[in-house]
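Listed after this line are the structures, all set down as structure tokens.
One chain, chain A, appears in both complexes that follow, with chain B as partner in the first and chain C in the second.
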Partner chain A sequence: MTFITSFISQTMVYATVYTLTSLGIILGGRTGIFNVSAEGILLASASTGFLTAYLTGSWLMGFIAGALIGTVFGFILAFVHETFKINQFILGIILVIFGSGLSDLLYKIIIGVRLSAPQAPSVPSVIIPFFSKIPVISGILNQDVVVYFMYFAVLVAYWFYYKTKVGLETRAIGENPKAADVVGVNVKRRRYLATIIGSALIGVAGAYLPIAITGTYSPDISAGRGFMAIGIAIFASWKPQRAILGGFLFAGIEVIAFQLKLISANIPYQFFLMLPFISVLIIMMIFKKHIEFPASVGKPYSRE
Partner chain B sequence: MKKKNIIQNDLPVKLLRSLSVYGLALLIAFGLISIIIALLGFSVPDALKTLITTSFKSAFGFQETIKKTIPLIFTTYAFTIPFMIKFFNIGAWGQMLFGGTVVAAVGLLIGNFGLPSFIMIPLLVVVGILAGGLWGWFAGFLKAKYDINPIISTIMLNFVAVLLVNFIATSPIFKDPLEGHPITRPLSSSAILGFFHKIPYSIIFVILAIIFVYILLKKTKLGYEITSVGYNLHAAQTYGINFQRTIMLTFLLGGALAGLGGALEVMNIHGKLIEGFAKTSGAQYGVFGILTSLVVAGNPAGVPIAAFFMAVLLVGADALQRTMQIPVEMVFLSQALIVLLIVIIRKKFEPNGGK
Partner chain C sequence: MKNKSLVELKNVRKVFGKVIALDNVTFTAEKGEIHGLLGENGAGKSTLMNILYGLYSPDKGEIYIDGKKVKINSPFDSIKLGIGMVHQISTLVPEFNAVENIILGTPEDKFKLPIKEEREKIKKIMKELGLIFSLDVKTKELPAGVKQKIEIIRALHKGAKLLILDEPTTSLVESEFRQLLKSLRALVKKGVTVIFITHKIKEIMEACDSVTVLRRGKVQDTINKEQMSKEKLVKLMFMEKDIKVTESALPKVELPPAKKSKKPVCVVKNIEVKGKEKSKGLKNISFEVYGGEILGVASVSGNGEKELASVMINPFLLSNGDILVNGESIKHLSTLSVFNKGVAYTPEDRIKEGILNEGSIKENVLLGHHTEKRFFKKNLFINWDEATKAAKKTIKDYNVATPSEELAIRRLSGGNIQKVIMGRAFVSPTDLLITHNPTSGLDVLTVEFIFNKLVETRNNGGAVLCINEDLDELMIISDRIAVLHNGELKGIFQRSEFDKYKIGLLMIGG
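For the complex of A and B:
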């Protein structure tokens, strides 16, 4: 029973990272901007988020700093792409490299080398009376506030895309920017907004890694999750409600792999640790036929 | 009409234009670097001097530069060849790791047979090429058959390769019991490439690879296919070029070259498999390969020279960390910045050149 409870609660923690990151990628993708730089944003915001939380003693400030760094990355991505029409993938990869360099550099300059890793202030949990005492259900409900923020973000995104006129217009940009432009939607402004808000969400996910999961920053803390989140966004056909499913799926695989690694003696543990990466590929192979792309994703748009 | 103009452009004009692109980008980038260095409280002239001249001031500096240039050329090609048909091979690192790992495992397994060098070395080189090629081909296969974006598949394969290195380097069959870190036993001396005046013999293979890539791309049907798919996919398909096959082949070629690079690191620089061997100056060779390739806009002809200059900066970065305690990530960041500026400025100057 405790095993199941801890499995559920750990899965939800990692699902938060995956879902927020892929949601951020989806927001950009829906307007045609493929945010390949998620891994770089995760790293940069993990580092700045942790440092801010550690120095100010406030977890909230850490998340705000993470979101701000995400905003900056999102702005650079949108600005350079929209202004110079640079290929989004090239730009994204340069930003990944930028983020990975920046994260370690900031940590080195501000913290340096220490014998014991500095710890971030912990994130408060939401405790719902009565239910929090029941096993399994407590694993689901007893989560920190950011997990609830993730649910909230998915709900808002779903509501926005499928229940509002602005959301419908935004989806139209992803499918056909010219048509959206013709009916008076400001394509450029929407692209900026979507990319920036999406990147800020990725920034929150990045700050979540050191502050809520590991308690401290370490190099390469995101371990490829930014790229796996791209896989989730694609697997989810760029739909928020499916991204959360993908997030839970990958988080579950990651937690199971980790548990198996601890209990299995015969199979070398490295093969369990490979599971998440291999399953990304297998899942994408299986769902190949069910994947839809917004038609304009990855393509620059100009009025001529 | 527009296209004709581009082709008829005179060479001097072209040269002047690309020189001004690089000049402008370097000027802005070094300006920014100087500001950052000054803000961090270091002496700007000292730092810039160290960064640029370390490679040429001593024999040691130059040897280090060559040692970094060799793997960098391989990973740059690994990115460049699929990039010619507009696909992104972020997996040079994994292909290099996998090549090196298989070479180390095979080398150790057959090490006791007493094979002479002239069999052992070519055999292991071929093993490295095949292993890296397989790792690269798989990403191309996933794109061709399952439409999986190579950016994702190559990254996933990188992580798998990292774990395979750890598996081999910690397995009881291969691990060196005297080492705490995951490191295998040394390869038998017949599998080791030596040094000539501290210049690794793997430089021979790099020269062969440069010639191979040149002939392949310029003189063979396959090279023509790759170039034409990159230039105009629809036209190429109309003329019967199999796009799927071209994707797999470019990734196979890129992977094979990266795998060879990994094999040579194991057989020449280290003499054994060391966890994290494909890294230098704070990041892995795959990432530097991407940056180097973007500097020359994915033009294979420019790869060796660009890789050498990149290596100069890396040796300078190491020296900065050693002598002035400026973190290597600082230079790494600046390189990413320089590349971004070059890409932007090139796009402004030659709208068709930046891809």
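For the complex of A and C:
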């Protein structure tokens, strides 16, 4: 019973990282901007988020710093793409390398090398009386506030895309920017907004890694999850309600691989590190036929 | 005279790169009329209206609506001023249904989605105009005619008092054009003003109360219905050129008696092809094409003509039967080998299937000839000198308006792209030319040019198979016309037997 409770509990923590990151990618993608730089944003915001939380002693400041770093990355992505029409994928890859370098650099400048790793202030959990004591259910409910923020973000995104006209227009941009343009929607502004808000969400996910999961920063802390989140966004056909399913699925696989690593001594641990990536490949192959893609993803738009 | 003009554009100038698209253009449309905007391809019609709609910003000039000077920076501004535009290429979101497409962009209630209420409003507008279509199907599944209706409703739903239609008839058949005209008349009665962009004189004569003729970015004249005549409009459109036109305002070409070859160049024997999607394919088709003749194939779109065009150059599509070229079967040949047998092909969709958009004119001329000996050095390298020569010759022989053969082909107008494709067909000796809708969307001048090239090929002993959905055109240039309906060959007419009514009836299965 405790095993199941801890499995669920851990899965939800990792699902938060996956879901927030892929939701951020989806926001940009729905307006045609494919945010390939998620991995870089995760790393940069993990580092700055951790440092801010550590130095100020406030977990909240850490998340705000992470979101701000995401905003900066999102702005760079949108600005360089919209102004110079540079290929989004190349731009994204450059930002990944930039973010990865920046994260280690900042950590080394501010913290340097220490024998014991500095610890970030912990994130408060939401404790619901009575229910929090029942096994299994407690694994679901005893979570920190960021997990609940993730649920909230998915709900808001769903409501936005399918219950509001702005959302309808935003989806229209992803399918056919010209169609949105000729009915008076400001395509450029929407692309900026979506990319920046999306990148800020990825920034929150990045700050979550050191502050809530490991307690401290270590190099390559995101371990490819930013790229996996791209897979989730695609697997989810760019729909928020499916991204959360994908987030749980991938997080579950990762936690299982982690548990297996602990109990089987004979198999090299790299094999288990590889499992999530192989599963993504297999899942993508299975769901290939059900995957939809906004038609304008990755393409620049200009009127003339 | 009382001034009741709804729209006035004054001294508009627009330059794209080095090309002057509009030069000091002044344009006025009166309230409650259908105002035509006529000109050949590239005359600046669409550019002028895109400026009015706010998609392009003019380099110079002023816009007045209801006598008031206005500034239009984007469609957001123009929609607020009561301007709606239906573009030549569909601007609907293919994944959305009609309702979702129509309500897109209306300013009020940004954080609500009142589908039900809007649906009722849309239905009311549809009823008033007599336009009926399904509101629940994704628009990507709808034919071009219906998409256009949705775009018209979309403009009206946003409160358009001025409706701009950019080449609305490009993908419409005759009956749809009639229906469109009816709806436009109903709109005008309600006080809506319509600007109708076209390059077809016939449509201006039938649809418009007055017309402004543009030529190379300049206004030639604005005349009203009483002053309109075919001859006058042709003269305004082309100025120095003197073109003879037929009843249907198409260019006249002479078809002198030509020496028909004794043996057919191409024999099609009992071929069967499986159809794609809704088409029934081809069933047991046989015909011959002789040297020195143009065989026209008439069919309503979707009755097997696409399969016929494809199978002639891609014989792997054959499920039965055989095709002979110069007496040899091409049944087991690849498309490239078919080309090397002296067959040339110009596809229906010249942008998607005819060219490499980003390639230069030179590279596009080389396409399909790229394995021929003279374009190959040591069987390995492309002989660019020869390719340049061939491209230069094509540009010269086919009057392609371009500064250089190195220009990206996508920068040419539709007519010039078609000329390059036609020219490419004759880079090497051609015995059989298969051409599918070679003149669709082109102006009279280019149509005349293309017609003359086809006839020239025929007069020199070449065989031409011309698949064309425009029966008027086929009757001008064909020696014989074969009629396809539902994938079956309904009959072949000699030139002396041509009868628009009879052939038209067969085309729709009567």
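To be clear about the criterion, the second predicted complex is superposed on the first by the 300 of 304 C-alpha atoms of A that agree within 3 Å, B and C clash if a C-alpha of one lies under 4 Å from a C-alpha of the other, contacts with A are read in each partner's own complex, and residues count from 1 in each chain.
Note that a residue touches a chain if its C-beta (ideal position, glycine included) is under 8 Å from a C-beta of that chain, and two chains touch if they have at least 3 such contacts.
Remember, it's a predicted structure, so these values are computed and weren't measured experimentally.
In the superposed pair of complexes, A:217 makes contact with neither chain B nor chain C. By the touch criterion stated above, A:164 is placed in contact with chain C alone, chain B being left untouched.
In the superposed pair of complexes, A:248 makes contact with neither chain B nor chain C. By the touch criterion stated above, A:176 is placed in contact with chain C alone, chain B being left untouched.
Set against each other, chain B and chain C differ in how many residues of chain A they touch, and the higher count belongs to B.
With both structures placed on the common chain, the touch criterion links A:59 to neither chain B nor chain C. Counting contacts by the rule stated earlier, no residue of chain A appears in both its interface with chain B and its interface with chain C.
Listed in rising order, the residues of chain A touching chain C in the complex are 162-169, 171-172, 175-176, 178-186, 292, 295, 303-304. In the complex of the two chains, the chain A residues touching chain B come out as 36, 80, 84-87, 89-91, 93-94, 97-98, 100-102, 104-105, 108-109, 223-224, 227-228, 230-231, 234, 268, 270-271, 273-274, 277-278, 280-281, 284-285, 288, 291.
Interface residues of chain C, counted against chain A in their complex, comprise 16, 53, 55-56, 74-80, 85, 87, 91-96, 100-101, 103-107, 109-113, 154, 158.
Partner chain A is touched in their complex by these residues of chain B: 40, 88, 90, 142, 146-149, 151-153, 155-160, 163-164, 166-167, 171, 282-283, 287, 290-291, 294, 327, 329-330, 332-333, 336-337, 339-340, 343-344, 347-348, 354-355.
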